[in-house]
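Structure in structure tokens, see below.
Going by the order they are written in, the chains are A, B, C and D; count residues from 1 in each one.
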Amino acid sequence: MTAITPQAAEPILELDGLGVQFGGVVALRDITYQVPGGIIQSIIGPNGAGKTTLFNCISGLLAPGTGSIRFRRQRIAGWAPHRIAALGLSRTFQQVALFAHMSVLENVMVGRHPRSRSGFLATGLRLPGMRREERELRERARSILDFVGLGDLAAAAAGTLPLGQQKILEIARALATEPRLLLLDEPAGGLNTRETEQLGELIQRIRGRDTTVILVEHDMNLVMDISDRILVLYFGHPLASGTPSAIKDNPEVIQAYLGDDWAESSAASYTSLDNHPGR
Amino acid sequence: MDSAWLQYVFAGLTTGSIYALVAIGYNIIYNVTEIINFAQGEFVMLGGLLAVFFMEGCRLPLPLAFAAAVLAVGAIGLAMERFVIRQARNASVLSLIIITIAFSILLKGSAMFGWGKDPYRLEPFTAGGPLLFGGAALQPQALWVLGLTAVVVVLLSLFFRRSIYGKAMLACADNPNAARMVGVPVRTMVLLSFLLSAAIGAAAGVAITPISLMEYDRGALLGLKGFGAAVLGGLGQFSGALVAGLLLGLAEAFCAGYLSSGYKDAIALVLLLLALFFKPEGLFGSSEAAKLKRF
Amino acid sequence: MKATARWSQGMAVVMLAVALMWPCASVNQARAAAEEYLIGAVFSVTGGASFLGEPEKKTAEMIVEQVNKSGGINGHPVKLVLYDTETDATKCNLAVKKLAKHDNVPIIVGPSTSGESLAVVKVAEEEKVPLISCAASYKIVSPVEERHWVYKVAGSDSHVVGKEFDYMKAKGIKKLAVMTVSDGFGASGREELLRLAPEYGIQIVADETYGPKDTDLTAQLTKIREQKPEAIINWSVGPTQVLAVKAWRDLGMRNIPLYQSHGFGSRKNIELAGGGAEGVLLALARVNIGPLLPDNQPQKAVIMDYTKRYADLYKEPISSFGGHAWDAVTLAIEALKAVGPDRAKIRDYLENKTGFVGQHGVFKFSAKDHNGLGKDDLEMVVVKNGDWALAPWK
Amino acid sequence: MPVTDRRILLVLALVLAAFPWGVRAVGAVSHYLDVMVFAGIFCIVNLGLSLLMGFAGQISLAQAAFFGIGAYSSGILTVQFAWNPWAAMPMGMVLAGLVAWLVGVPALRLKGHYLAMATLGFGVIVHIVFNEEVRWTGGPSGLVDIPGLSVAGTPLRGEIAWYYLVWGTVLVALVFCLNLLHSRVGRALRAIHQEEKAAEAMGIPTARYKVQVFVLSAALAALGGSFYTHYVAFLNPGSFDLMWSIRFMLMVMVGGMQSLWGAVLGTVLMTFVGNEWLQVFADYEVLVYGSILLGMALFLPDGLVSLKSIPVRGWLRTPRSSTEGTQR
């Protein structure tokens, strides 16, 4: 388990004045924030705060209206998602987006796409280089499945797995791209307590592989347990940021959760925030 | 003679308004179901041929024959929805495309049996020679076609904007489940859309038969051009369809007149492709709305 | 993987189906070996050229039935093996191969269209089976050295063009506007019109085309009017030739005579034009105008006989297309009568056949000419009082 | 390639090799071989279509246009420029691929009905060009006297030679496509079909892949077109119209869109149905054809390969250890 390495001081992701509008609705407004390499960064906020929109912007599925995004010192705003993925950024989806009719192993192999090369001719003709690459792909995919603990299910169709395993498989698929930065969009949604614990452990092991993790999550136990830093979004704008303990005691954050969004984001969030035993 | 351009305008407006009527047929079904009905052109063909049947076979006077043809084709539209489209509610877009294509083949085949392969004619709605405007001739029947188009556009726009049924039909397209929850009978609305669309296609068919004759395999090309107009005008837009249909007709007529008549069909299609490639929401549709549509 | 395994089942179904179809095939072959004389036929009974194939099929069936009623050919009953090509070159190609190899016919009549005929020329040559096409293009039988086995009974477009140009020349017309439909029929006519015009001192001042499914031809005719021609000739089949007449009338262009191709030669077209066709001129084969012919005209008897029988049987008037089938099938029967079901002998018989009195003319085949018709086998007619009349040359 | 596919390929190759002998045993040289030659040509066309529609999930109603581009390239180059047919063939494929690339880049950004209509419109435009460019294509009268193929100086004559040439090509193309599918590229295509956004986020350049598979399917169609040209020795635009694009789509659909085996099965079956077995219906054929299309789309949208199976299956069943997903 690597501690925060010296390079961590250097930001892996820098957002500068980021803004997004849908028609007349402001989804994100003037977000300036830096994520240092090698940490687990959480982003929390009430529903509709713009967390998923922010992920879509960073991963290239959505072009930001204003501002810049720098990932590994490259300006990536406006890039196609596949280019960003090739640069070392990967993600999972809030609503599971696996290739349901493919096997578990194949799903992970698809994740190796940016780290392999064979094109139409090479694969159609089964050139020697392609066979070597295919073998290597398969081995890497298997080792990743072993890493996340799905090794026994390699041959199963992805769509037939229970939700918890599907969420893990999404992470495995994302890991296969060898990301430097991994965006996890509510990975614990729909998981039971035990599964969530295992997930937390997995995320920490991922950080150990020199991968920075950004986590969007509603489960405050998980967030408080594993995060190094937390950013709170409120109506598309940063409200506060800091260590879990600092966030927990921030009056503005409590107000945000308690006040306007009481009904929606619920007392549960608040309670878990307040009575959190961990820190 | 300087009247040539005016003659092209007349020719373009006449064919253009036919395209517009076909385009409107597409729009009605699309508005309610977001299905593109590839059999739309066949409704036009059937309208024309049935009118011939009612006038010459049943000796009905023209207005009655017109109404009978429109109703009969409307009934075919109903049957198409009830017995074919409804069976495929959960089908993929591809399956739906194939289903409507298959239905159009069946309609065409049946028409071939009913009427044979020869073209048929119908007397113009009003007798009398062409009207002359400085050397350019306009057939009175063309005025009927234009008038019919205008009436249909106005009525439909009113229907969809003002009447409770029209609004309910639009709601079905937007979100069928939500519509169902607020008490809109979605099935009835879908049924109604096919009826309406088929009836309008048939009316177009009756109106153009005196000008262009009608035979069993006329539908496909009319359907294609009509779709071009529908896309160009923005799918779902009635006034857009009208303007785009007329534009398409004019473009064809002027192309035939001043450029190459062989490539005039290609002109309409090139316009269609350009619209699809660079402005898929159509000339008059809004891009915001287009993003919300499923296709 | 399930799906791929299922595939094998599907394949098994196909194989089974193929196997089931086999017995029917062999039965046919067995019958072919009997004393029945076969005549193969491929017509466009459905599809784009069904207006050709339909009367051709009816005519062929009528003649064969007639022959069988009167005791067959030298005592052999005749069987017509007819396939519909759906106006599709691929299907036609396959149908002719089937006739040649599987049904083993000694002679084939058809196909109906030039395109389909050209698509099977190679088959007839390779299979060495005589084929009498009912389509017009001269390419079907030329170069004649490479068309050893192929004949055609429809006059070439050049004959019709020649006849109409003769007439125009007699009327002093020098500036002509041409409008043609962009399908095989129109394209072939256009080629001949443009090619032959200089020979008759005629200048083409406009050359317009349109699609076979067009709904309005006023744009083309307006453009033509701008060029001030002394006559217009339209070359198409189907509804567009009626639309041309309607636009010509509506635009008030009666002062410029309108000529049509022989494709206009059906009374239905006069009806469809709703009185607008008065004065339209065209060159027609005599089969269309039997009653107008003088009694001493050699073709009159066969034409009147065909006209009556066809009308009695099908309750509809004959068309010139049916006449092609009459000529082709009758030729085939005469050949079978003379030399029996031997492909090579039939071919030689056809090549030397002269003086065959048919619906479309008096045929004179030779090694140089596998069509045997000329422009003298046509008559100029004009639409008068809603019917054909011989056109006055003075 | 998984074991199952290899086994089916082996069986198919054996059946195909034996077919002419089987046919001979029953009767003289049969007409069925002629039908099989056309079926083989259409198979080449439909393999590309199956990749495009079944695997990448993109609809195309322009397949007949690419078929025609290949056919006319071969026809024009050999007739007007006296090229060797074997040289004209790859030229046609390159040309079709190039056109597909030009059209595909803007068109494949569209989805569903819009894509269908764009390809349909493109197909009709190509058909009009075949009709109008009389100087090159011969226009509606057609292009005649196209030379046949010859192998090592001997002209290829008779349906047996053609049968083996065409079906040999089908098998090669089939192996190529199967390899493709069970590899990085094939997984990427299926990923695009199933979850386009996720595919994109996993680093798959979806737009580029769609265009590439469109180009590949166009090139295969063009290859089929070249064979058609030299086999029939005559071309006219009628063989490349919209109806043919629909027919190609139907062939693929009947067999099963999401399986290459389905494409082969459907093509052979529908070629026989269209040219042989529907003849008995004569005039009713068009109705029967429409009904089959409608019935398939309504009740068996996944094609014949989705039918429940019979014993053959046991032998073909893959060992459970295989890791390829269900190829639905």
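Quick notes on this one:
By our rule, a residue touches a chain if its C-beta (ideal position, glycine included) is under 8 Å from a C-beta of that chain, and two chains touch if they have at least 3 such contacts.
Bear in mind the structure is a predicted one, so any value in this text is a computation, not a measurement.
Any chain bridging chain B and chain C, meaning touching each of them, is among D; the list is complete. Chains making contact with chain C as well as with chain D: B. Taking the CA centroid of chain A as reference, the farthest chain centroid is that of C.
Chains joined by the most contact pairs: C-D. Annotation: 73 Å between the Cα-based centres of chain A and chain C. Remark: chain B and chain D have CA centroids separated by 33 Å (rounded to whole angstrom). Centre-to-centre separation between chain A and chain B, using Cα means, comes to 50 Å. The geometric centre of chain A is 42 Å away from that of chain D, both derived from CA atoms. Multi-chain contact residues of chain D (touching two or more other chains): 131-132, 283, 286, 322, 324, 326-328. Looking at chain B, one finds that residues 112, 260, 262, 265 touch two or more other chains. Contacts with at least two other chains are made by no residue of chain A.
Taken chain by chain, the contacts fit none of the simple shapes, being neither an open path, a ring, a star, nor a full set of pairwise contacts. Pairs of chains in mutual contact: A-D, B-C, B-D, C-D.
Against chain A, the residues of chain D that register as touching in their complex are 176-177, 179-180, 183-188, 190-191, 194-195, 197-207, 212-213, 216, 320-328. Taken in their complex, chain B has these residues touching chain C: 1, 3-4, 7-8, 10-12, 14-15, 18, 112, 116-121, 123, 129-130, 132, 136-137, 139, 208, 211-213, 215, 217-218, 221-222, 252-254, 256-258, 260-262, 264-265.
Residue ranges on chain D touching chain C, taken from their complex, read 2, 4-5, 8, 11-12, 15, 26-32, 34-35, 38, 131-132, 134, 139-142, 144-145, 157, 159, 228, 232-234, 236, 238-239, 255-256, 258-259, 261-262, 265, 268-269, 272, 274-277, 279, 282-283, 285-286, 304-310, 312-313, 316-318, 322, 324, 326-328.
Only residues 53, 59, 106-107, 109-114, 116-118, 120-122, 124-125, 128-129, 131-132, 242, 246, 249-250, 253, 257, 283-284, 286-287, 289-291, 293-294, 296-298, 301 of chain D touch chain B when the two sit together in their complex.
Against chain D, the residues of chain C that register as touching in their complex are 1-15, 17-18, 21-22, 25-26, 29, 45-46, 48, 83-84, 86-91, 93-95, 97-98, 101-102, 114-115, 118-119, 121-122, 126, 137, 139, 146, 182-188, 191.
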